[in-house]
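First subunit A sits with subunit B, and in the next complex the same chain sits with subunit C.
Now for the complex of A and B:
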């Protein structure tokens, strides 16, 4: 029992960091452009499959990179995919919220089919950091990949924090999400900010994808669950708030892990939904959010 | 599909270009075949259309001669399908079922702009109610019991989803419905001693006579189409569209938008119930893959988008087009490529013709009639 509790505490802390990463990207894109990017899950999947193709010799025989090289390369590639998605598709339709919304989900579904076409439906296991850490004192064990995910996620969040608080380029992102008009009046290049935000969000999704695929497996349906979690986290934390996303990621992450451990894996999602409904009814703007203003 | 549903606001640059290209080909160069055939035909048909407009125009929207011709041909084609399309009865039957779904989605999401990803959970609820009743209560249960019960359960589930989520504005609603579908899918697995998990539940087909089965699906489909068209053209439809365009204005006019959104969800849950029962019997069973998964909701949305959201008859046409492409014309491409092509088509329609293909056709036909209206 003590071991169970310890493993919930440890697992929850580790996986929640990845959830936070996903939710932050999702909420940042929404914050600056008012676009709910339902293709965010597809970017996560892109991360897993890109990394897989780069490190494994079973996909692209000529390309096998060391994880140290493949990981940053994956993050850059997924960031660029996200950037491309914005510039090619979303920019032309973003003035209509509903159309954008539908277009991004169609992109996600189309991407699923593309992945199935290229990689087939079977799940791919790959290892990012092999090995298991036994924690004798707590009677629990931690996969090194989970630990790496935790470190990388918090590292990325730290960098992001530095970027959006200390650099002009990052602060213009925050300014735009606070008030687009205000940002414009102070000379911020708003379209540039949006494109940059998509790039950053894509990079974060790429990191998350590599580790989610490493912990579970890369398969064509792997984007659904993280996307739904991102929704829940973002709503609980408040749409548009980075701080809220981190806090809510930990709430939801712990809840998921605890229900999974004590009530069974099949009811994992249900508690999160209950929390979602309660939050929506009691605190519709979330923990740290301002309520979405439909313009 | 009248113009009053369209405010210029949402029409973007690219759509404008696509439309003007269409207008150029059809009208400015109208000296071509279309104009030469269309205009006299329109003149010929106009008296009939005028009589229709006087009788039913107020309830179902006014039409020009060619538009009426399109409706009559489409209706006639559907009713006489077993005569000309014996080989295609299966896709046509499925097309009719999906048309019910697409129209049901449209009256709620298309009209109010509150996009629901939860509609496959509603159709799933209907299918599973029928399935569970047959499996666990009495296999001999009459359709007169299972069908109303299934629709009732669907409506109840619709209310259970709508009441907490529709109080919220903007995107929250869509997010909640999306999560609901995933949860419903999870439940069908978690309760697999009741639902047989992924294998699903066997349900008897209506009949093995494909022609009879076709009519058993098409008749309810046409009834749903007529009812929803009527509702869409009524004051209720106007209020729903007003909610999409400017919810504050609706409140300011003294109408409670939440109440209307709730009713639109109920209005949409009933067709979803009907469609779910039909699909269960046509497919001879319910299982999570053909009913619940979120892809199904997105297919409904795709049909509505291709046809033209918030027009009821557009999604109807979109459903037949989508199912036709999916099950007949693109089958040769193989499983994944076929879907990829379909989704890319939907994406193209979203970007370049966001009003939908059938609405473009409808307008083009209307434009041939000149500005008589």
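Now for the complex of A and C:
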């Protein structure tokens, strides 16, 4: 029992960090442009498959990179895919919220089909950081890849925090999500802010994708659960709030881990949905929902 | 004789089929305080929105010799046309300090930005006391000071103020008054738009009266003060 609790505490802390990364990107894109990007999950998958292609010789025989090189390269590539998605598609239709919403669903489905076509439907296991850490004192064990995911996620969140609080470029992103007109009156390049936000959100999704694929496996449906969770986290945390996303990611992450451990893996997802419903009824603006003021 | 910073010629603005501005012309000279007075709904804010690049219009608007029709709001801010709106449009969850930093976010010369921060905090000591307070938690008067302060951080050539006294207590209006005079003494050009004609007459060198989308009267402050219609309809008996 003690071991179970310890394992919930540790696993929850580790996986929640990755969820936070996904939710932050999702909520930032919504905050600055009002776009509900359902293709955000596809970017997670792009992270897993890009990394897989770069490190494994079974996909692209000529390319086998060391993880140290492949990981940052993957993050950059997924960031650029996200940026491209905004610049090529979303920017031309973003004034129409419904069309944009539908277009991002189409992109997500098309991407799933593409992945199925190229990589086939079977799951690919790959290793990011091999090995297991036995924690004798707590009677639990931690995969090194989970530890790496935790460190990378918090590292990325730390950098993001520095960017959005200490630099003009990053502060402009938060400013635009609070008041677009205020941003225009202070000379912010609003289209540029939106494009930058997609780039950052894509990079974060790329990091999450590499680790989610490494902990589980890369497969064409791997984006569904993380996207659903991101959605729940963002609503619980308060739409548009970065702080709320991190807090809610930990609530949802722990709830999921604890439910899986004590009630069985088959009901893991249910508890998060219950929380979602409760939050919608009791606190519809979410934990930090007031941070988001849309005109 | 003139070196106008802002020239508006024969300006027409339509919202759909209804005409909000009809043949409006006015100028603001470098170094002066230009004033626009008029009742609610006369088109004052529409005029400013057009000047700041937010609206399509007919006619001509030139700022610093450049045609505003060719520029977007962002470029106009970069060129020094800083618009402080009636709604203030502050960043509600940013601190006073962050709001001020946002006002200068596009500027390269960081030393000048630091000097301007000191200048703004000197001009409005209340802001200095509240550097870390969130904008949304401040009183209307403090928010107005912050809005003017944020605009000043953009190093304006022309500072446009829309209804800076609206809903403010007399004490606070005095603070805003002092700030306007201090800035103008330092060479700041301003365009002051007010329903509160008494306030506008106290500061502006030249004024225009806007009613139902037209300029009904324009002239110097002295001419406005001696005009019976203005004193009766807008200033009241003092």
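Here is the rule we go by: the second predicted complex is superposed on the first by the 290 of 295 C-alpha atoms of A that agree within 3 Å, B and C clash if a C-alpha of one lies under 4 Å from a C-alpha of the other, contacts with A are read in each partner's own complex, and residues count from 1 in each chain.
Note that contacts are C-beta pairs under 8 Å (C-beta built on N, C-alpha and C of every residue); 3 or more make two chains touch, one makes a residue touch a chain.
Here the structure is a predicted model, which is why all the values come from computation and not from measurement.
Colleague: Should A:172 be classified as contacting the first partner (subunit B), the second (subunit C), both, or neither?
Modeller: Only subunit C is touched by A:172; subunit B is not.
Colleague: For the three-chain arrangement built by superposition, which of subunit B and subunit C touches the greater number of subunit A residues?
Modeller: B
Colleague: Go through the superposed model and pick first if A:190 touches only subunit B, second if only subunit C, both, or neither.
Modeller: second
Colleague: Check the residue A:182 against both partner chains and state whether it touches subunit B (first), subunit C (second), both, or neither.
Modeller: In the superposed model, A:182 contacts subunit C only, not subunit B.
Colleague: With both complexes overlaid on chain A, does A:228 touch subunit B (first), subunit C (second), both or neither?
Modeller: Only subunit B is touched by A:228; subunit C is not.
Colleague: First (subunit B), second (subunit C), both or neither: which does A:284 touch?
Modeller: A:284 sits against subunit B, while subunit C stays out of touch.
Colleague: Output the subunit A positions appearing in both contact lists, the one against subunit B and the one against subunit C.
Modeller: Residues 291, 293 of subunit A touch both subunit B and subunit C.
Colleague: What residues of subunit A sit close enough to touch subunit B in their complex?
Modeller: Interface residues on subunit A, with respect to subunit B: 30, 36, 89, 92-93, 95-99, 101-103, 105-107, 109-110, 113-114, 116-117, 224-225, 227-228, 231-232, 234-235, 239, 266-270, 272-273, 276-277, 280-281, 284, 291-294.
Colleague: With touch defined as at the start, can you tell me which subunit C residues reach subunit A in the complex?
Modeller: Touch list, subunit C to subunit A: 52, 54, 73-74, 77-78, 82-85, 87, 89-94, 98, 101-103, 105-106, 150-151, 154.
Colleague: Applying the document's contact rule, which stretches of subunit A touch subunit C when the two form their complex?
Modeller: Answer in residue numbers: 168, 171-172, 174-175, 178-179, 181-190, 290-291, 293.
Colleague: Of all residues in subunit B, which touch subunit A in the complex?
Modeller: Against subunit A, the touching part of subunit B is residues 10, 12-14, 113, 115, 117, 164-165, 167-172, 174-176, 178-180, 182-183, 186, 189-190, 247, 294-295, 298, 301-302, 305, 336-337, 339-340, 343-344, 346-347, 350-351, 354.
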